[in-house]
Structures are given as structure tokens and as C-alpha cells.
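The same subunit A turns up in both complexes below, where it pairs with subunit B and then with subunit C.
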Partner chain A sequence: MAQTDITSSERDGMGPHGTKVGLLRVLGPAHVWALGVGIVLVGEYMGWNFAVGKGGAYAALMACWFAGILYSCVAMIDSEVTSTVAAAGGQYTQAKHIVGPLMAFNVGLYLVFAYTMLEAANAITAGYLVSVVATMTGYGGALDQRPFIILVIMFLAWLNYRGVLATLTFNLVITSIAFIAIIVLFLSTSGIIGDGIMQHAALFEGHEKPYGWIGIVAAMHFGLWFYLGIEGTTQAAEEVRSPARALPFGTLAGIMTLLIAATLTWYICSGVLPWEFLGDGVNGSVAPLFDTARLSGSNALIWFLGIGTLFATLASANGCINDASRAWFALGRDKYLPAWFGAVHPQYRTPYRSIVFLVPIALIFALGAPLDQVITFSILSGLLGYTFMPLNILMFRKKWPMGTIKRGYEHPFHPIPAIVLLCLCAFTFFAVFLGYGTQLVAMIGFYIVVSLWFHFWRYRFVNRGAQFTMPWPKPLGY
Partner chain B sequence: MMETWNYIEYAAWGLSALFGLLMVMDWIKTDSTYSEDVLTSSREGELEAMTEESHKG
Partner chain C sequence: MAHYTPPAQSKLGQIIDVIVLVTLTVGALFAPLWLNLAGAAKTVATPVENPTWEALGQNAVQAGQYEALGYTPESAHDLILARFDYSFTSGALIVMIVVIVAYYALLLKFSESEYREVISEKFGKK
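Let's turn to the complex of A and B:
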């Protein structure tokens, strides 16, 4: 067969193996960046500061950088595997090819739960932000937040339904604005432009380690919040024009952006807000960057950071809908779930049934569950996914050593990143257990029950041969 | 200001319903226009399969 350009307008991403309607290959590296950073950046605007409450400002910085190492490992490992296994479903598809169906089923569920819960948490936050704006503009009563929560989910689901290019271009614009807002706040408050308002020495004195070393361990849990979701870039694998180039480029640029944003956020907020206020994300500083802008005394900064907070929230919810629906779609396409979910819209070329199906689920969590529980279940599902990743890359390199298959990106220092990631995951599980032991046990119990269901019932419906699509040689030792 | 926000609330309810309706109507239209074979014909790894065929020359 002659060289075929699958990205040409004639082919349009469709291949010769029976796909009549497939997902559209239209995205570039900037969209991958926008998907990954868009999901995460809300964590800089709110949530990370609970780490300060657990162990003080220094503990939050240690958590920020420890989690930064963890996620750099995640980004490198993901870039290598997903540039090779470039299909919707991301880590689910990786698990299917490298570990096996039961692992894949679990990873698929981790992804759907982590993203759908995060989407619900974002919608709750957006509703809250609108109520804050109402109060600031003189509204006296208690604003009903429900219509705004529902509107966020409905509008973003509709956008996702209509096409991936518009969805992620929208994310690119609002994520960039939210990131620039952090840079502008740093420049304006640190003394680089105008007078600085930083008081690090005075604020830290006598509060270096308010709860000792155990506080620093406990802070680790919320350090994840700075980066949680960057691994979502892999879900775009089937919709990028050049997976081998765009996925590593977008993902690694994304983690670099987040390392900068996280460190700047910590520096800005801890230098202006006292740790007792900063660390109380419920009754104290709900949105620390916004609170810092308020203390700067500049109206322009207040508006800019207010808009940044809202945009970061919307970008995260938008990316979560995109990712959860791709994972659900991939599970359906392989008949791990009913094949009905594996449908693609003939005109918009999106997994439309999966997008619509997950809307009521997100609404139930957004309207019926408390925010901290929703966030905790999202983090726990994410953490289970991160624990899978080092095992995945170790098996990948063992079964298909370098040179046996073409990789879009090869991560350096193997197996050090995998071992570091595994150790940090174990450490974070311990930190989560300190604060949310019951939820952790309940969550693991849930995954054991669904695994049994999959093994003893559902797997009989799976197309066992057809699910392995990668044209790879037999793995070493088989 | 109270009134303005009350109107914004109604608008949010209305827009939510509109987006929901647009999705559900298009969903029903799509499902009744195309056969299930076409809609669920997407297969994983099409790009990779083609690259492999190209390599075989």
C-alpha cells in the first residue's frame, strides 16, 4: 500500500478497517496543553491551600514540590506510553494492551469517576462564585446557586457535544487568561512592578511547623491539588493530528506551566495571607489568589483574578467532560460496557451518547453531595490511577524493550521515575488515610465489587480478540 | 439589584433547559436517521493500523 496521509481531508482520520464514523483528528499540541492545564489550573485558584491548614506554609511548599516530582514522573511516563498507544481512553487503553482487561476495566472506571466528580466539584464552585459576585454587587438575599451549577454542566456538555475543536479552543483561550492572571498578580504584588506587599518573614515567624512533621506528611494530600488532572491530556490521543509529536509536547509543556504556576501561587498567597486564614478553605480563604488580589487594593487586579477564578473553574469542568466521555466511550467501544456507548456522532464526530449519559450523573453529584466528599472521591480515584502508571511503564518496557516498537517519546532515567512515582503514591496513600481513611476503604471496596462483576459476568460480552488493536510484535517472553 | 439577579436566575434556568433540549433533540434525530452499524462503527487503532500497512509497503 502506498503512503497514505490519514490526516488529509479525504481520509479525515478514518481508516480502512471498518470505521465509517470515527473521532475527528483536528487537534494540535496547544489543544493538548489546554486540555491538561485547563483541568488542573483551578487547583491553583482554590483547594491547594488546605495543605497550609494541615501543616503550615512551609509544609504546603514541600507538598507542592513533592507533588511536582510525582506529576513530572506521571507526565513523562504518560508521554511515552500514550504516544505509542494513541487511542481514546488514554490510560484505560494503555492498561488493556500492557497489563490486561481487568486492570483496564478498573482504570477506565478510575478515569470516569475522577473526571465526573471533578466536573461536579467545579460546577459547585462556579455556582458559589456567581453567588459571591451577586453579594459583591449588592444582592441582599441568598442567591439560588442551583440554576448556575446546572447551566455550567449543560452549556459545557453542549459545547462538547458539538465538536472537540471548538471545545478545546475555548479551553485554550480561557486557560491562557487564567494563567496570565497569576503572572500579572505575581508581577504586581512582588515588587517587580510597583510596590510589593509581600511579608513572608513576618508571616512565617513562629509558624514554621505548626503541627510538626506529621503536619507536613498530612499536607501532601492537598499538594496533589496543584497538578491533579494533567494526565488527562492522554484522552485527546485519538483526536490529535500527530499523536507522536503533539501528546508529549502538550503534556510536558503542561507540567512545566503548572510547576511555574504552582510555585508562583504559593509564593504570592503565603506572602500576603496569614497561614491560619489561608489554610482554612471553608471559613477562611476559599479562593486565595482572589483574596490576595483583594488585599492588593487594585480594582483591576480584583476583576482580573475574579475572572481568572471563574475561567479556571469552567476550563476544568470542560476538560473533565471531554475526558470522562472519551474514557466511557472507549469502554463501550470494546464492549466492557454496553456497545451502545461506543457511538460517534456522524456530523460532530464526538462520542455524543457518552457525553449525554454522564450529564445526569454529574448533576446528581453536583446538586446532592457535599463538595469535600466529591473532591475526596475524585482525588482517590486519581491516586489509584497514578499507582497503576509505574506498574504499567515497568511492564511496557519489559514486554516491549526499546527498539522493538516505535515510540513517539522515550522518557529518560527509566526505571527511576517509575520507582519514585510508586514511592510517592504509597506516601500519599498514607497521608490520605490519615484524613480520609473511611472513604479510602469504601472506595477500594467499591472497586473490588465491580471487579468481581466484570470478571464473573461482563467479560463474556467482550470481543476478546478485537480489543487488541496495536500492530505490535508479540511481547517478550510470550 | 435584587430584581436583576432574580432575572439572571430565571435566564440560567431557561438556558440550562435550552442546552439540554438541543442535545436531546439532536440525539433523537441522529439515532433515528443513521443505522446503529454506522454510529458504532468506530474502531480503535485505525491510524496505527494504516501506518503499519504503509510500512509493509
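Let's turn to the complex of A and C:
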């Protein structure tokens, strides 16, 4: 079979859909890195510490590294498939071309809900941070956080509405500052610069495994939060100048950055904060890096980490709006949802209707649900998506074996990453089951109902052959 | 396969579809909260009367950090002693496994039949 080059940077993903105006191809690898790391880095600033509460500090470290392996597999698999599927929608578009429409519909919803919930969690944290700053600067009352939550979501939605280049350049700057803040805190508190304040041995004494081995399993649930969202780099596929180069480079550089940031974060926080306080992200440490800075005794560090936390939440919410809207837009463009959502703004070249529509959805969750529940909803949607990925790559390699189409990146050791990813997903499902089983079953029940709704009702409005927009040869076995 | 021409959907029908999807979403995510079935609540199994740092199992360094954070043994009591309950029944575990496996089996089966239609219309019998 002749090899087809589908990685050309000149191909416009909008073309096959017959729309007159496409998304702008203006992004480079640094923007891809900023999108992926920007979404995720907030996970080091808040949320990961629930893993400490689930099993203790050592359990959180193990969860950090096992989740790191899980996400390394995700990044490898995603990089290969995305380097050939240069269209908005990311994993949704992959599923549509490789597995089938119903899987694609589900994957699209996973993406929208994972990112919208994450956006809500970010807005909650930003509101909390403003209230802490108000207290630190002398405000005596209880600050109402809701106006700040609404302001964060509305401002970032407006930024996304106005254009992707400004949005992700903004992300690049504030994500870099947030990452540097973690490095500075590590250098300042670990003894490399000045006196160290780490007391790991004394703080762990008597609390090494507070729940035993079951706690180490349970911690894996929130271990995902260290990295959740790195797969969002694929959403930029239709807006990067060179998808085959920029997407693998940005994604793999992103996961390496996060592995460093996650381990440093665990080291810094667990060496300063008692595990019970660190592990309670609602009544204890909402923002652990910030709390660590507070105990450092340095006002400069307190302000720098306060700014880092705020920037991390803004960068993440910003990236989430970008990604959720692209997934929703892609669903609309294929008529999986009403085609009205598939419109591109004639001037700003953004999926503006999808951006606006998802604002009230994010607000419902940001204003109506507690932080750990919002995080759990986001993790569950992400986890369902990660379980899809090994199936996706196995079918991709089977239907289009090596040599049949040109890949921008080929991940090594296939199928080991797929098998490892599948096993770690099963492990994490069990971890979620320990404490959040009702939410898990409720959410899967929801996906079963909407799947039946899609298959027996919605799919009648979808064109059949026109869904397949990639210039690939016919898959083997069909 | 003959070319499939989908029916046009009215604007009202499109709005109803969106409302159905959003309602299902909000319902699925908030129902466990409204029904108080959202798990992961921590409880204090054995409260300590007149707590001290020693009685709460804290050494000098741990106590010092709590005090630096503004806690006293009384205010830190619930934070330190509250624990999750990880007990579960094998029946509940089996239900979860069946639900997850059934879900993915449903997805793959329906997707495959839809996918064959797509490929058939896109590529024909080539």
C-alpha cells in the first residue's frame, strides 16, 4: 500500500467540512507546551494533596510516580496518533477515525466535562486565594468569594473569545512564572540557598502508612491530579503551524516538566506541612505550596507563591476553556451536537458559540459543588478517556500498520505502553471506588444513558461518510 | 452502501437536544450530592477529651508546625483524627466492574456497526 503523507503543515483541518472560515494556524511548540503545562500545573498548586489525605505522604509519592508512568504512556500514545490527526477535537477526532462515532461522542463528552470541571475547580481556588489575600491585608470579615469566581470565568472566556494566539501567549507567560515559583521555593526551603526548613523524618514519624497498603492504592485517585490535562495539547492540532513537529515536541516536553514539578512539589510540601493538614484540601491546606511559603518566614516567598498560585489557576482555567470549547465545537461541526456550535467567529477565528455556551455550565459547578467533588468529576472523566487510549492505539496500529501512513512521531515499545496504561487505569478505577464509588457508578450510568440517546436518536442527523475527514487510506479489515 | 442523507433537524429539536444533554449532565453529577451519597466523608472514630498534642499522636516537630499554622490541640482535633473508611463489600466491587465492562462493551459494539457504515460510504468497495 502506498504511504500517505497526512502530516503536512499546509493541510487545513477545516477544509473537509466545507466551512468557509477555519481556525487560525498561528501556534508553535512553545504554545503547545504552555497549553498542556498551563492546564496541569495548577495540580501542583492545589488538589494533589488530597492524595496525602487518602493514604499519607509516602502513599502520595507513590501515587505521584505511578500516575507519572500512566501519563507518560498517555503522552507517548497521544503524540503518535495526534501527529497524524491534525484536527480540532483531539482524542474525539482520533476516536471518530479509528474506533467509531459512538466512542467519539463519548470521548468528546469526557473532554468537555474533564476540562469544564477543572475550570470550575480553578475558579474556586482563585476565589479562595483572593479571600486569603484579603485576610492577610487586614480585611476582618468573611469575604464572599463568588464574585471573584464569576469574574475569573468570565474574563478568561472573553480572552478565549478574542483569539487563540493572545490566549496561549498569555498562558505561556503566566505558566512560566508559576513554574519558576516552584523552583524558587524548592531552592529556598531545601537548604540549597540559605537555611533549609525540611523536616521529613520528624514529620513522617509515626505516620508513615496511616491507612496501611490500602491507603497507597486509594491515593492513586488523586495522584492523577498531578498531571491531569496534559493530553489537552492535542486540542491545538488545528491551530499549530506544524502539527507533526509541534504536537509531539510540546506534549513530551510538557510531561517531562510536570514530572519534575510534581516530585519537587511533593518534596517541598511534605517536608514542611503535617500530613493531616496537608491532606485535607477543604478544611486544611487548600493551596499547599502557598501554605509552605507561609511557614518559610519569608514575605517575598509568600507573595511569589501567592502570585504563582493565582497564575497557575488562571493558566489552567484559560487552557480548560480553550480545550473544552474545541471539543464542543468539534462535536457540533460533525452534528453530533446541534451544528450551531460548529461555527467559527468571522473576525477572531475562534469557536465563539461553544466558548460562550460552556460559561454557565462551568459556573453551575464552580458555585454549586465542593472542591473535592468537582475534582473527582474531572478525574473520572479523564480516567474514562485514558481507558479509551490503549484501545485507540491498538486499533490504530492494526487498521493502519507502520508504513501505511506517515506518522509525525512513532512511539517506541508498542504495545507495552498501551498494556501498562490499561493496567494503571484499572488500578485507578479501584482507587476511585474506595470512597467515591457512588459518583463512579452515577457517572458511568450517565454515559450509558447518553450513549443510548446518541445511538438511537441523535446519530440519525449525522452524515456517514463525511465524518471521515482525514486523507487516510481505507483501514485494513474493512 | 447507498449514500445516507440525514434528515434536517428543526431549531426547536436542536434546542431540546441540548437541554436534554445538559439536564442529564447536571443530574448525574449533582444527584449523588443531593442524595447525600457522595462518599469520602471522614469521621472521627475515637474522639479525645481535653486533647493535647501528645494525646493526638503528634511529636514536638509536628506540634510546632501546627502551632505555626495557627492551630491548638482543640482546633486541630478533628483535622488530625478524622479518617476515611475504606471498607467495601465484594458485591459492590463486582457491580462496579460489571458496569465499567458493560459500558465499554456497549461502546465498542455500537461504534463498530456505525464505523462500518462510515467506511463503506467513504471508501465504497475499493
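A few comments on the model shown:
Quick note on the criterion: the second predicted complex is superposed on the first by the 459 of 478 C-alpha atoms of A that agree within 3 Å, B and C clash if a C-alpha of one lies under 4 Å from a C-alpha of the other, contacts with A are read in each partner's own complex, and residues count from 1 in each chain.
What we mean here is this: contacts are C-beta pairs under 8 Å (C-beta built on N, C-alpha and C of every residue); 3 or more make two chains touch, one makes a residue touch a chain.
Computed from a predicted structure; not experimentally measured.
When the two structures are aligned on the shared chain, A:W340 is found in touch with subunit B and with subunit C.
When the two structures are aligned on the shared chain, A:I150 is found in touch with subunit B, with no touch to subunit C. Contacts of A:F377 after superposition on the shared chain: subunit C is touched, whereas subunit B is not. Annotation for subunit A, partner touching more residues between subunit B and subunit C: C.
Residue contacts after overlaying the shared chain place A:P243 against subunit B, while subunit C stays out of touching range. When the two complexes are overlaid on their common chain A, residue A:F413 makes contact with neither subunit B nor subunit C.
Of the two partner chains placed around the shared chain by superposition, subunit C is the only one that A:V462 touches, whereas subunit B remains out of contact. By the document's definition of touching, of the two partners only subunit C reaches A:G437; subunit B does not.
Comparing which residues of subunit A touch subunit B with which touch subunit C, the overlap comprises 339-340, 467.
For subunit B in complex with subunit A, the residues that touch the partner chain are 1-2, 5, 9-10, 12-13, 15-16, 19-20, 22-24, 26-27, 30, 34, 36-54, 56-57.
Note for the complex: subunit C touches subunit A at residues 1, 3-4, 6-7, 9, 14-15, 17-18, 20-22, 24-33, 37-40, 42, 57-62, 65-66, 68-69, 71, 76, 78-80, 82-84, 86, 88, 92-93, 95-96, 99-100, 102-104, 106-108, 110-123, 126. Taken in their complex, subunit A has these residues touching subunit C: 53-54, 99-104, 106, 113, 199, 202-203, 205-207, 210-211, 214-215, 218, 272-274, 276-277, 280, 283-284, 291, 294-295, 335, 337-340, 361, 364-365, 368-369, 372-373, 376-377, 387, 391, 429-430, 433-451, 453, 455, 458-465, 467-468, 474-475, 478.
On subunit A, the positions that touch subunit B within their shared complex are 1-4, 6, 13-23, 25, 86-89, 93, 134, 137-141, 143-144, 147-148, 150-151, 154-155, 157-158, 161, 238, 243, 330, 333-334, 339-340, 342-347, 352-353, 355-356, 359, 466-467, 469-471.
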